[in-house]
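The structure appears below as structure tokens.
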């Protein structure tokens, strides 16, 4: 018996679609759709690193995130107009950046920066996890582009990375919350994992009240299962040739 | 004999496609594509007006514009990260706002603000004119939404509005320049016109050197013809029922 | 056999000292020291709430965080001089705010805001968890001040809250990392818990590489034990009378 | 029969006065007065160019614009206090910069930047066109100063440049609108032209409603005539020796 | 035997000229010239006070200061472009505001704000003291304007106020330093006094090395004498009728 | 007969305490307490100078100042959150910087910058003078640290520096005003002096009404006496060995 708004079972992902290579100018790009959440992820290569890495031979991966003003039910003021980035935006940027660095071989990348830009065209919950899952695709495409150009023998990617949100609603642990579910959930957790099943990020919050270790464990299992499906979808969209180049797979 | 990069004749528009109602949350929305230039235009209704209009019974229409960092060939720094809007951005915002106000009956709108947001997903020249042409669709959809909700007998739209760029390249006046053409053109002009053929904005610039009145006249004719085609496309996408509601058509 | 820099065993907290009522002007205030990490936490009462809560009868708790320029080994540029808050600062502010809201009865608080200010005088790792542990003391003192003034029968606090960091260093899970340990740790986790043992926040990050569920579990047990000690210390400093007023204890 | 506020005929300019060499520190400077609109225009030479021009051997000309807070009927907040430039300010800065670049031989200028600063001391309409007309004088004086210092055989100026506003008020096309006229005009156009009669900028706006091609044509003729007078005034103030050095005259 | 650059004796002021009523829009305005230092001072009346004075029946006087980019020997970046006010600017704004409040009867002014804007057109030392001396004229004119409009029996001005700089150069105390003298002076002092000889501000600085009480005393006598002359000049420009209305004169 | 709030006689300082070496990371640091005013002063060494000093062989000393949000009776908004520094903050920063430069031998310092950070933990009047007195200690400790590291034969300090506030309350000149006294004082003066009795800064303000030369003289004597005591306290805390190294003592 389903209790979800859109008829999904509690452990079911929303449908995921990707349009690789869009927009056309970026070295790596994807428009990822998870249900009604649509995020444009691009990866841009810059041939230099931040000041503190110069001369180290090591590269850098960083991320920026934004929501279009009317990606949401009511219009958000544009951060460019306000003249500053909100805390939520910065938190997500940092999460995406850390996640992508965790699966990139920064030494093999060399003194280059990969800029990941995640822009939400339409939001319905889970924009930060879709940004992670999409950024991995954009990152891979950009590194493949670089590898071809520079004739690298292999891609400087250590493993896959994908993310999903989980939460507890009316006492039931649920996978991949849409916005309405998310706003009602008492516990909310975002999980980023690698292709080999390692944890990169676990961020659980109980603003509506504390949660138990048992719930944490249960949510983690749900997230693991969801991420396994997302990893499969990533592989399909990348295609066998490119998928084969990702570290250790 | 065509001299254009993409095989078009000098007086030929790029193909135009529109996806109305996307993204889903906005009262009015369209993804407009003119060739490789893709702009998301949304119209949001706010039930209040700026301070200086309060108590006048009159409404307001305003516009904001942004380019995603990787909509262009090389990555642009995000204006939200820089903490301020560039001059070009503000110039375009003002152009779109003025153009839409010129065809809106602000008194009939009543004390409401329509926010138009134009966000460039992919850029290949002509983003400001695509923003005008798309904004008109988003505005119309939002006003139709309002009219239905408030049971207005008619839409507060006075006329259609569409825009196109024209320029002189290698001495030849050309319609609807793509980015590469635009960067080579010595004269560059943006024209906004109404459905009845009135001029709303004429902005001609000869940074590469001055231009003549004869060239101005010739470019204007080219723009008129291009805008006539764009107006037809707008009508087709709006459909006969909605098109019939637009002032005086 | 100890492997820690300061001779502690892996499951040992640094010594904690608190100076309640300092600085003198705040409704609630504490200077908390955990080893060489010193944070001044104050709670200020404002007799109004943010716009979106006006008329709801409900209160708000929010937090701000800052590091003095020379709290760290090398001088940090002052965020007030740079004119904007960094991402890390905003992330910590949001964490402290959420944690304190999770144990405050916002309805009983009424239309008031409690501002928590956490300012790091000297940093040696764990400033965000010390900020949470100290903020709880400042919050309690401020609410006790309010309760006395307004003759409330009870404090609007639902439970205790304290936080600790845990991490894996050289393969060994460790409690309460100092700065040098933290910078070497491959996995880093911050945990906020209530007096009754509920989880409020679990934030685990493996930027140095992914971690396993087993490690997550082990770190959580270590954090639980550390937080139990911190809760005892909080009770001692608050004194039996005040401790008795905290929800359900 | 005159219908204008100050007794002028529709095709009559306001009286123009210039004080060259004021303020004294600038390489080129003029206080230009067109009726009650007074603008201080200075040209400053900087011995370097923006980053993107370094090594190209080419110079740059750029402009900034400001209004003193009480140049207008009611006090404007100072943009320096607000911490950002408004859209109108940036639009004018860009217009002046483009206009001056159009008549400067940037290659002959060499790797130098000319900064034009236009500051409105008293405003009564037409501040942007007075800024263009005055900037040309300041630019010429600064280039003459440079030419003398560096013993250039000729000035790197290709032609004169002057600007005027035109508009339609009560159905009558009028030259050089004062503020009160401008605020009532339905059509408003700014035109920048060269000494040889070429067009540099044509910016026509019909916010009060669309305008016709016939009106555009009529306004252009009026502007041409007004600019011809302004060019004569520029020549008189520059004096025969300097006027003779301007490209092709 | 004169040792000054411009032939003045050490105790001689530079020539002072004033153009009252310029620019024309302000309630009070003056262009003050002391030698080559030219400052435009305007006083604007706003019919409300800052938040903290609302309901007190008391008025407020505040000042803003700016230098045009090319008022100085080399171009200064525009504070509006940098997006923030420098420390020197704020220091001067505060000095002018305090000085004018010291001679205004804020209770008689009622709940109004007088905004003084001091903008330096050309700088040659002593811009802050010229701003004070000029602001007093602008303030008086604005209050006279208000008094006529509101039929007040008297002006809410308690006394005159004027300012001068003094300094020690090559061991000699000197009055009214020009820029070149100021940059060589080891001690620099700005003094603001009232018509009755009271001190409003004394700001002495010995960045080039400490100074003695004897020097302080000597400089003060020089300043007193200079201010006495400035007060006479103020009276002449205001004219006997207006001068007679100023408190207690 | 004492008329002061805390029982002090008019010429009595508040008790002064210093905790040298806190916080631990800075090259020089002190927590200075004068009554209930507590300021943390740190001195940080940076191995480079601002652009305009590069290549001159000369060093620089600069200061920054901040108040913790709840150092005062009511909470102040954090300047980092507002995104800009207030005028009072900048005025104090400049005062502290100038004062410390006046007693530093910038040539002997070499191309280094000393950053002084003064952060007010608890405020009760006189924070700027406590910042000067404390900054001198932090500066001395940092220069001693440098001197030891670089084996300099002597410290590049020319003399001691300390500061105190004086004011007139109910007609009585008073030394070292606390906040409540300061807010009632009609005349307020801050004085910075050297060990040898030279004046570095004299800033007297009569916002509540003008003051006389006689009052200025009387306040100066009071300040001299207070500073003599502060210099003694500085020497005691520095200890005989370090005190002996300060220029000419």
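Residue numbering begins at 1 within each chain, and the chains themselves are lettered A, B, C, D, E and F in the order written.
Basically, a residue touches a chain if its C-beta (ideal position, glycine included) is under 8 Å from a C-beta of that chain, and two chains touch if they have at least 3 such contacts.
Everything quoted here is computed from the prediction, not taken from an experiment.
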| said: Please identify which of A-C, B-D or C-F repeats the interface of A-B; the criterion is that more than half of the contact pairs agree. | reply: C-F
| message | Just the number, please: Cα centre separation of subunit D and subunit E in whole Å. | response | 33
| query | So how far apart, in whole Å, are subunit E and subunit F when each is placed at the average of its C-alpha atoms? | reply | 28
| message | Centroid from C-alpha atoms only, then distance subunit B to subunit C, rounded to Å. What do you get? | response | 51
| query | Where does subunit F touch two or more other chains at once, residue-wise? | reply | 83-85
| request: Report the topology of the inter-chain touch graph, choosing from line, ring, star, complete and other. | output: ring
| task | Would you mind giving the ring's chain order, read from subunit C onward, with subunit F coming straight after? | result | C, F, E, D, B, A
| task | Over in the complex, which subunit C residues touch subunit F? Could you list them? | result | 22-26, 29, 36, 38, 40, 42, 44, 46, 64, 66, 68-75, 78-81, 83-85, 89, 115, 117, 119, 121-123
| query | Which of the residues in subunit C end up touching subunit A in this complex? | reply | 84-88, 90-91, 93-94, 98, 101-102, 159, 189, 193-194, 196, 198-213, 216, 220
